[in-house]
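What follows are several structures.
Same chain, two partners: chain A is paired with chain B first, then with chain C.
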Partner chain A sequence: MWQSLFMKEWLKLRWYFTAAFLVHLGAALKILLDIRQIILMEHGEMVWYQAIHLHTLFYGPLRYLPLITGLVLAAAQFMPEVSGRRMRISLHLPMDQNRMLFLCLLAGLFHLGVLAVLDLLLTAAILLWYFPHELALASLPTLLPWINAGFIAYLGAVHLLLEPSWPRRVFYALVFTALSSLHFAGSGYGWLTPALPFFLLLSPLALLGVLDTGRRFRQGGVS
Partner chain B sequence: MNAIEVQNLCHRYKGKSVYEDLSFSVPRGSVCGLLGKNGQGKTTLVNILMGFLKPVSGRCLVLGENSHNLSPSLRKRVGLLHEGHQAYEFMTIAQTETFFSRWYPDWNRDIFYDLVNRMGLSPGHKIRQMSCGQRSQVVLGVIMAQNPDLLILDDYSMGLDAGYRRLFLDVLHDFVAAGDKTVFVTSHIVQDLEQLVDTLLFLDQGRITQTPLKDFMTSFKKFTFTAEKGQVLQKDTVITGLEQRGNRITLYTYGEMDDLKSHLAGLGIRPKDLQQSPMSLEDGFIGLMGKY
Partner chain C sequence: MTLNPLSRWAARILAVIAIFFILPALFDKIWTRKSEAPLVFFSPVQKAFVYQKSLGGHQFIYADERGREFDRGAFEDLLPFVYFRNYELRNEGPLELEGRIFDRETIRSQRQSFEIKARDLKGSRPQIALYPLFNNDPGIAMIPFPEDVFRFTEKGMEFINADTNRKDEALSKRFTESLKEKGFTFPATLISGNPTNLKPFDEGYFVKDSQGGVFHIRRVMDQPDIRKTGIPADMGILDIAVSENQRREFYGILITERGGLFLIAWDSYELIPLPSDGFDPRRMDVKLLVNPLYRTLILTGEDRVHATVMDTEYQPLKSFTLPFSQTGSGLAGNVKDFLFPFTLSLESPWQNQASLQLQKGSFWSFGGIVLAMILYLIFLRRKGPFYRNVGEFGFLMLTGLFGLLPLLFVRKN
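Take a look at the complex of A and B:
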């Protein structure tokens, strides 16, 4: 039955996911072209100075991309369910309702995860092509908070879409905006690396929170 | 054994009471129609029965399980038609069949395609691009192919023309004829239910009245007469419902002709051409519940 649920989620996500995949590929291409241009235009010492001393991040186009992708995928997946409270169709399926919602979220997070892996691999590959591996690998802990912000944005958007009460929606909007914006604090390599374990804990917590919001959605007042 | 059992149900919405102490039961194998004017809480009741709303108090059992916590195995036995024939609009006909077939062990693909193929649409046709009537056929196909023990239909007639409504009734007739199936249906086209239901539930201002259709159609009566100019009638203990167009009066009562004659005489009314008229279920509904 979970295959059937994943098929449903894929049908909703496929065009948005394909578009996001192309945009992420485009972002990687832009990073490649930007680095190539800097290296062609500047002296090697200058590029080195920018990278090591100024902590210039050559993968800036990726900064907000996972966050935007998370919001888009959440909307693509859950807008068709909440409009007209169509999610009642899924909630009537013969499966534990929490498990059903959890599997739907897992499907969305999986698609987001695929894009995150794509970002990490392509960025690492591009940087390894031009820079020493120490510098290339230092990009990964810098990228991780941005990627995690995508997961938080996805789960926050699902909270907002499923939550039937307006005061709670406003509360969630504030909380998830604050949590997401924390992931973009500071600048330079690995600025947020010490806080990363705490950031990574946020996603499972938000995932559990969606189940409670889902419970309220099930019982949310329709006269 | 009852398919649905509601005891002392109380519910409030935004502080306003929807039901107070509502009790009724739907026996297994019966076809029960829930009738009420707009805003009386028919959809709310369906939502409570399906666990989508938690009542303030009271007990609702569906096939023996608490409606607030229906198990997956029980949901498998309940075919549910949501108000507005809700379907996954991003799916095609074939995807809808594939999706739902995996959830129900008794799924009958032939029943689904028998209903859907009548529309002459290709299996690749998107639900989003269908009319309300066409969508209703797909939804009907889904719930019929499940072979449920209990069908709950929330305003199945909404947005359907006469042809699609008749088709719906034909399918429901065949479903009930298969035996030991229970149908709980609400519709705003009251007249259609006359051909389908055996039990009526009238929901009015938070109170419910349950009666077999046959009893209602024989005990509740419609009379027409012409009154003298200027005479105005009011509802009372004998006159349950009343419609007045000029001097022409239609009234509804549980009483007999003789009772009515003496009652009208007591009120000083001298009816001209008083006669009992044939009453449809819609007439009876208006007579009992009023127009607004």
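Take a look at the complex of A and C:
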């Protein structure tokens, strides 16, 4: 049954995912052209100096992109279910409701993950072309918190969409906004690296946290 | 369905993380007045330490080591080597101290101020280990940026050209072989220098090899100029801060893991010990002030400034400790502790990188926790036997008043 479920999620997500894919490719292209332009305008060694010692990030366009993508994918996946309360029908299928919701979320996270891998690979490839490999390597721990913010935003948005009560929606909105904002603290490369294990723990917690909201949604907010 | 209670706890933990990161920071932004650490100097006029202490809100007190306060003008007059422009503006003629006359040029050429912040030391900030090695060419007045950067590998010193993004084989070979000739064992374990051309001249890098030996590496007319220093290999060097200064008395300050501070003497590489008792390199900033008569070492920690004045031979003459509080005491701090039994933050004054900090409250936090429990018992307690509330009660014991929010908003019904 899980294959059918994944197919259902893919049908909902495919156009949004394709659009997001193109936007992420566009962002990579912008990064490439930005670096190319600055290297043509300034001396290469000065651009390297900015990147290495002044901590200028040439992949800034990716900063909020995973977050926005997470919100869009969550809306694409769960808005139709919530607006017509169609998900209540799915939740009555002969499958454990937590498991079903979990699989839906995994489908969404998988799509987000594909875009994250695309971001990581393209950024590293562009940086490898213009800079020593150390800079490409340093982009990985710098991008990871932004990507995790995308996962948190996705799971937070699902929370909001499924939660039937307005006061709780507001509460979750504040909590997930705060959690996402933490991922953008500091500046330059690798600033958040020492706290990365802590950040990466937030996504599994948020994934687990959605399940009870799913139950509340199924029961229409009444226990 | 045991997963659903777990799910609620996961959401509550997330809410606690969000609340205890954001709200204490917001509280501090509005109510906590953070003041800078006091500035301590040694007055060659009074032969005593004097300081400028911030009271917050752009208010300062100026006092000496005995607590005698004075106004800003008097404070500046006690520090003629710092505020020598005042003398000039008042046309008071050259400064006379200890039987010597100091004109503007003497003061200017014999002054030096050198500050090392704990947050800038190795391991306290993210740093990609690629550096420009400036070329020393006596025929060129400025310091042009080299077209390459260097890295140390397991096998040698590599230069990568920024125009081609490829290794410069010839230059790399020259430097690697020269280093090997001088007895350098790869890889490097510490690379210290100033990777900027905003300095009067360039002294290259001090590099520690895998055996602990320290080498001074420069590039002169595009050729390696490498000298093995006599700095002992077993010192446990944490970092070396290099400072190119026209006085050319020392190359910089060497800091050991155990909190030792040494100047590296110009040319001879001899180590000049500085009075560093009680110095914690990870949690204290260092400042060395040099003037024609005295040297002052100032160590600034979280709650105290410790200053030692030395003669020109770096022999300690006198020291002074000034305690201070950056956040001030009083109502705001107590209210904050009452509201938040702990706080979370990512920033540390001693690190230039995220550092997950959990700070516990004080005795006042108990008040908040007790109030939270009373409110819980009145408004939120679940029906049935008390043991059903134990988990939530325990949660409040840790989180206090703001722990009520997750319990109120994340519940079964």
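What we mean here is this: the second predicted complex is superposed on the first by the 220 of 223 C-alpha atoms of A that agree within 3 Å, B and C clash if a C-alpha of one lies under 4 Å from a C-alpha of the other, contacts with A are read in each partner's own complex, and residues count from 1 in each chain.
As a convention for this text, a residue touches a chain if its C-beta (ideal position, glycine included) is under 8 Å from a C-beta of that chain, and two chains touch if they have at least 3 such contacts.
Here the structure is a predicted model, which means the values were calculated and not measured.
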Chain B and chain C placed together on chain A: clash or fit? fit
Chosen between chain B and chain C, the partner touching more chain A residues is C
Request  = In the overlay, answer first, second, both or neither for which of chain B and chain C A:M46 touches.
outcome  = second
* Mind working out whether A:V117 is in touch with chain B, chain C, both or neither, as first, second, both or neither? => neither
- Task: May I ask you to decide whether A:Q3 touches chain B, chain C, both, or neither, giving the answer as first, second, both or neither?
- Result: first
- Task: Please work out whether A:P80 is in contact with chain B alone, chain C alone, both, or neither, and reply first, second, both or neither.
- Result: first
Inset, instruction - Scan A:L200 for contacts with chain B and chain C and give back first, second, both or neither. - result: neither
| query | Who does A:R168 touch here: chain B (first), chain C (second), both, or neither? | reply | second
| query | Thinking of the overlay built on chain A, is A:L22 touched by chain B (first), by chain C (second), by both, or by neither? | reply | neither
Value for angle(chain B, chain A, chain C) over C-alpha centres, in degrees, nearest 10, is 140
Overlay on A puts the nearest Cα atoms of chain B and chain C apart, in Å, by 10
Overlap of chain B and chain C contacts on chain A, residues 222-223
Touching chain C in the complex, chain A uses residues 43-49, 52-53, 55, 98, 129-132, 134-135, 138, 159, 167-168, 171-172, 174-176, 178-179, 181-182, 185-186, 188-195, 198, 202, 205-206, 208-213, 215, 222-223
So, in the complex, the side of chain A touching chain B is made of residues 1, 3-4, 7-8, 11-12, 80, 84-86, 88-89, 91-96, 218-219, 221-223
In their shared complex, chain A is touched by residues of chain B numbered 13-14, 18, 39, 41, 43-44, 47, 50-54, 72-73, 75-76, 78, 80, 82, 84, 86-91, 95, 98-99, 102-104
Note: in the complex, chain C contacts chain A through residues 1, 3-8, 10-11, 13-15, 17-19, 21-22, 126, 128-130, 132, 145-149, 151, 160, 162-163, 165, 195-196, 346-347, 353-356, 405, 409-410, 412-413
